[in-house]
Each structure stands twice: as structure tokens, then as C-alpha cells.
Amino acid sequence: MTMKTNSGQPAEIGMAGLFAATWRREFLLSFRRKSDLVNPLIFFLMVATLFPLGVSPEPGFLSQLAPGVVWVAALLATLLSMDALFRSDYEDGSLEQLLLSPQPLFVVVLAKVLAHWVMTGLALTLMAPLLGLMLFLPAEGMPGLMLSLLLGTPTLSLVGAIGAALTVGLKKGGVLISLLVLPLYIPVLIFGSSAVQAAVTGLPLGGYLALLGALLALALGLAPLAISAALRISISS
Amino acid sequence: MGIKLSLTVVSQSVYNGAFRHYRPTLHFLKGFGLSEQLLTVKGLFCERDDRVLFSNLNFALHAGEIVQIEGQNGSGKTTLLRILSGLSRHYEGDICWRGEPVDEVREQYCRELLYFGHQAGVKAVLTPEENLRWYAALSPSINAHAIADALWQVGLRGYEDVPCHSLSAGQNRRVSLARLYLSQAPLWILDEPFTAIDKRGVAAKEQLLLQHARRGGSVLLTTHHELGIQGPVRKINLDQLAGTST
Amino acid sequence: MAEKKWMPRWFYQLASPRWCYQITGSLLPWFTGAALLLLIGGTIWSLAFAPADYQQGNSFRIIYLHVPSAILAQSAYMLMAVAGAIGLIWKMKVADMVLKSAAPIGASMAVLALATGAIWGKPTWGSWWVWDARLTSMLILLFLYLGVMALNSAIENESTAAQASAVLALVGLVNIPIIKYSVEWWNTLHQPATFKLTEKPAMPAEMWLPLLVMVIGFYCFFAVSLMLRLRNEIIWRERRTGWVRELLKKQ
């Protein structure tokens, strides 16, 4: 018994349309809840403030520390924002509807993560020079800092989303997600901060950026699959 | 299956557009006293936290049928609906959609399914219209052109542009229930759809379910309300059914 | 068509744990014997008879504990991830249980490798901890283990926990080579030409033979502890099935 049920249905929106619809929804949601948008940025700024206070305000010392500190702060700020990625969708039932959609899940997931990146990672990247100034990062290091963050933070968002998807069904996901995700962030941190250091010392950046780009390509290819699988698992409990 | 029969059931508003595809064939079948088995469940077994919720559960859902799942609190009604919808995979047994194992026709199944869960799936910061637009993007079986109509139908006229957090609980449920007016999916799985809905609203929704069934769709629902539907309603009681088969 | 597809799932879910319990029961004595023999023999050989290192003297002998535990920590992660993949793809209950059982053993192996590395570091480098590439990678591996264990214990539903841990283990598996490479690269960047712990240019046979014995012994020990944990897990998860009840009645 075969029956065509979709013969005259309204034209299906394609993957691009779905991506755009998800993207639009995510931005709408974020801009109506502005605190979610600003909190990671404030956190980013605060963490960077702690280092001069906790270690030493001496410019020479801070400028040495700056590449690592800015990167660690960006990493933590991204991590902090990850938990909310699927949580509200889980709590109000939208996630169930998402999983029951005939549309390809990885498209929606990818759109969500990239929208999230634009609102955290990209914002952090744009804010990074301010932190660089505060920590006396030499001016030569700025392009390296921005470029490495630009290529590195999407990977952080994608990998962090796997952790968010795995812990979305748990009430206390916040600490757990950092436990799961932080070890996976280490390569990005290493290549990212090394890129800034190389930029400061005037060494060529290409190799580092290529490595960050390779990580990003890998994450773009594999993370949406892992996130989709993790969401299905989390929702089924 | 190329036989085209015109719709005989008179329908109003969005229905004219919504149910024009699979219905004719079904009516043709019905004319000969046949009705297709949409969903078949064989030997379904599920346990949760060391407790067997149901074992060897067998039933079939036919086109044009409304089936109400009954049972005490904790008897596994919601779990059953979640399993049937495909959200939960913690079960053993066979679930078939139009005779095919549901895992093999997952995409087609999702296309033909409308699931209404415990949580309404309504974003508080979005307006009712924005919420429904998202569902239209998500599911091709939802008719995006009739959103305004559907909101009117569920009694949310004038609330189209109000963020859902300033609506009442019942109104939020209505936003989600508006999907029923938009949906072209033949199978509706509804988990407590009438919670927080007032009497008049419930009566309207019951009419809607009946219409859906008359058009050859089928409904599987749980509710604590006494259904006032005069029609093809069948009840499955999980308390009695556990361990037996029909 | 449908039968073909559904039969294996039913088969694996219902039939496998019992079979697995029986087969591990008959394998267990052999592996226990082998592990005892190899570990005791290897220890005596490596501590008493293997020659001392010309550079490090007797302190190098900790290699006979450090290297096997480090190898095991990595192998256990591989096993865990492979078990996770099998569990995800074929919905095999036993694979889920292997994953859950292997994680703590692997984590303790990583701890052992780190501890012996630190103890070795004291006479060699003069400090308990050095950010050596291998030690750092091992530390991150331990973190990965801890993540899998934390996730597994945080989720109450057993099969959800197993599936979620499996996804995490697989993500970790993809990451391990990247982490290893990045850490090694980072290490050479910051500490050029440090003294490497284990990479000896050429180890004489009297030195590496006992090491080989110890490694095999560790593998056997791992197999024993994995089987013990697995059998526990099987009994626990299958506690309501007929065969477990019969088994318990018999004892």
C-alpha cells in the first residue's frame, strides 16, 4: 500500500531556507533576551581583569601573559555560554518538536551553533583588542589575536555544543559540561595562543592559522553529527 | 492509486486547503468498508526504573479512528506516546507505520506525524505568530499561509503580536494547539492536549479531532477529560492491557 | 525484510549478556593465572635481574610500572570508545556495560602512569612535576576518562547514560591524536630538547624483555579486572531476568 501524501503539499523549504529560518529565530530570541547576549562578554572582561589583580600589574610581565590570558578568558566565556544553547529549547518542549521534524537535524543544529557563535565568539573576537590593551599586548600581536580567535572560537562553539547536547537533559549540567568539554578545548587553546605569541614575536602566522582552520573544518564536519546524536540520546531518557 | 475522487466532506476555513491530498484515496477505501492500518504496534515492551510499564502491548490504529490511551498516573501513557512518536527509543517490540518498520521510514513518519507533548513548545519571548512560523519551517506538513486563520480559530485573535510570556498558561497551550488547525499530517499524537484549556476551547478541539478522523486521519491521545466526542472513539486502558493483547 | 532487520536487535539485547557472563566465567581463571604469573615473574625479573641504567641508575626501574600503565591507559580508552561505537550502532547491551566497566580501570591506569611519572621525575628532573609532553597528554587522557565517568554517573537512565558516554568517548577518540600532536608541538615550542623519559635510543634486550613481560601481564590484569567488573554489571542489570535469579538461587 503506497500512498503519496506529499504530492500537493506546500513547497518544502530547502536546507538554505531552514538554515535561514533557524538563524532568524535564534537572533530574535537573543535580541529579546539581551542579558544572555551581554553576559559572556562581561565575563570575558572580568576574567581578564583578575589576572593583573591576582598576578602582577607590571606591564612587561602582563604583556608576556596576555596571549594566553585572553585565549583562556575567551575559552571560558564561550564555555559559560554553551549550557544555555539547548536548555531553553529542552525546557519548553521546542527541542522535542525539533527532533520530530522531517527536516535534517544537522542543518538546524549547525544554524543554531553558528548563530550562537556570532553572538558570543564573534563578539568576543571583536572585543579582544580591548583586553589586549588592558594586558599590554604589543600592537603587533593584535592581528594574530583577532585572526586566531576568529578561526578558533567557532571550533570552541561546535565542540561545546556537543557537551551541551549531552548534558541538556540533566538539571545540573553547568559544571558537568565544563568537565566534558575543557579537555577537548586544549588543542585550540594551544594553537590559538601560540598564534598570538608568534604574531607578537613577528614570526609568520600562516601555519598556526592553517592548523586552527583544519580543526575548524574537522569540527564543522563531525560536530553536527555528534550534536544531533547526543540530542536524540538526551531527549529519549 | 491514481484514482482521484473529490472530497465529499464539507469543510470550512483552513480545512479546505489542509486536507486535500491523501483523503480521496482513503474515502475510496472506506467506501468498501476498508480502513487502512496506519500505526501497528506488536509486542511492545517497556520498563522504566525497574518497573515494567507495559509488556506485549499490541494494537493497531486505523485511519479515521480516535484512540484514547487510559491509565492511572504513572501507568506509562506519556512514555507510550513518546515511544510511538519516536522520541524515546527505550523499548522492545515492533512499531510499524503503514506496514513498514518505523525506523526504516523515519523521515516519512515524521512528515506524517504531529506530536503534541507535555510542554507546549512555545517560546516565551516570541509572539504566537513567530512561534508558528518556526513550526512551519520545521515541518512541511504545516501550512504557513493559514497561521493568522489558525490563531483566530484558537481564540487568539488580537494576540498575534504579543510575546507569549504575557499570555496565560491556557493561551500558551492554544498557541501550540493552533498547529492542529494548520497540520496536514494524518497521525496526531496528543499528550494531554486539553490541559489548562477552558470548556469552550475543549469542545472546539474535540470537534477538530472528530473532523480530523472523518477526513481519514487518526488521533492517539491521553486526556483526563471525559471526551465528549460522538464518533469513532476507542479506548485502550494500559492498566488492563499490560500483559494481554487485543 | 522486517524480520531480518529486527532479529539481531532482539538477539543482542536478550541473549548476549548471559552468554557473555558464561564465557567470561570460563575465561577468568586462565587470565587470572596468566596475570599473576606474568606480573610476579616480570616484577622479580625487572627489579632484581635487569641491568641498571647507565645514566639513571636504579631509579629507571620504575619504567616497568610506568610504561605498561601508560600503554594500558591508552588501550583502555580505545577499547572503551570501540565498545561505545558498537553499543551505539548495534544497540548491544554488553558493549554498553564494557564501556562503563572499562572507564574506571582506564582512569586508574592513567593515575598510576601519572604517579609513577611524578615519582620518576623527582630523581630525574629534581621536581615532582614537569610539563613533559607525555605526562601532559596522560593528564588530559585522565580528564577525558573523568568526563566519561562523570557523564555516565550523572544520567540516571542506564541505557541513556551508556549512549551519551559512548558519544563522548568517540568524540574523545577523535580528539586524542589531535591533543597528543598539539601537546607535543607545544612542548617542543616551550622546552626545546628536554630529556625524554622513555625514548631510549636502543634498549638492550635484558631491559626490554622484562618490560614486554610486564606489559603483557598488565594486559592480562586489565582483562581480569574488566571481566570482573563486567560480570558484576551484567548481574546487576539483568537482575530481574530468569537466569540471574536461578544463578543467585544456586549460590
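The first chain written gets the first letter, and so on, giving A, B and C; residue counts start at 1 in each chain.
The definition used in the following text is that contacts are C-beta pairs under 8 Å (C-beta built on N, C-alpha and C of every residue); 3 or more make two chains touch, one makes a residue touch a chain.
Remember, predicted model here, so these are calculated numbers, not experimental data.
Across the assembly, the mean Cα position most removed from that of chain A is the one of B. When every chain is reduced to the mean of its C-alpha atoms, the one closest to the centre of the whole protein set is A.
Here the spacing of chain B and chain C, counted between their Cα centres, is 48 Å.
Centroid to centroid, with C-alpha atoms defining each point, chain A and chain C lie 32 Å apart. Chain centres here are Cα averages; for chain A and chain B they lie 37 Å apart. Annotation for chain A: residues 236-237 touch two or more other chains. Counting partner chains per residue, chain C shows two or more touched chains at residues 156-157, 160. With touch defined as above, residues shared between interfaces to two or more other chains in chain B number as follows: 90.
Those residues of chain C whose C-beta lies close enough to touch chain A in the complex are 88, 140, 143-144, 146-147, 150-151, 154-157, 160, 163-164, 167-168, 170-172, 174-175, 178-179, 181-183, 185-186, 189.
Here chain C touches chain B in the complex through residues 2, 5-6, 10, 13, 156-157, 159-160, 240, going by the rule given at the top.
Listed in rising order, the residues of chain A touching chain B in the complex are 1-10, 12-13, 17-18, 21-22, 25, 28-29, 32-33, 88, 91-94, 96-103, 108, 232, 235-237. Considering their complex, residues 49-50, 90, 92, 94, 96, 100-101, 103-104 of chain B touch chain C. Chain A makes touch with chain C in their complex at residues 159, 162, 166-167, 169-170, 172, 176, 179-180, 182-184, 186-187, 190-191, 194, 215, 218, 222, 226, 229-230, 233-234, 236-237.
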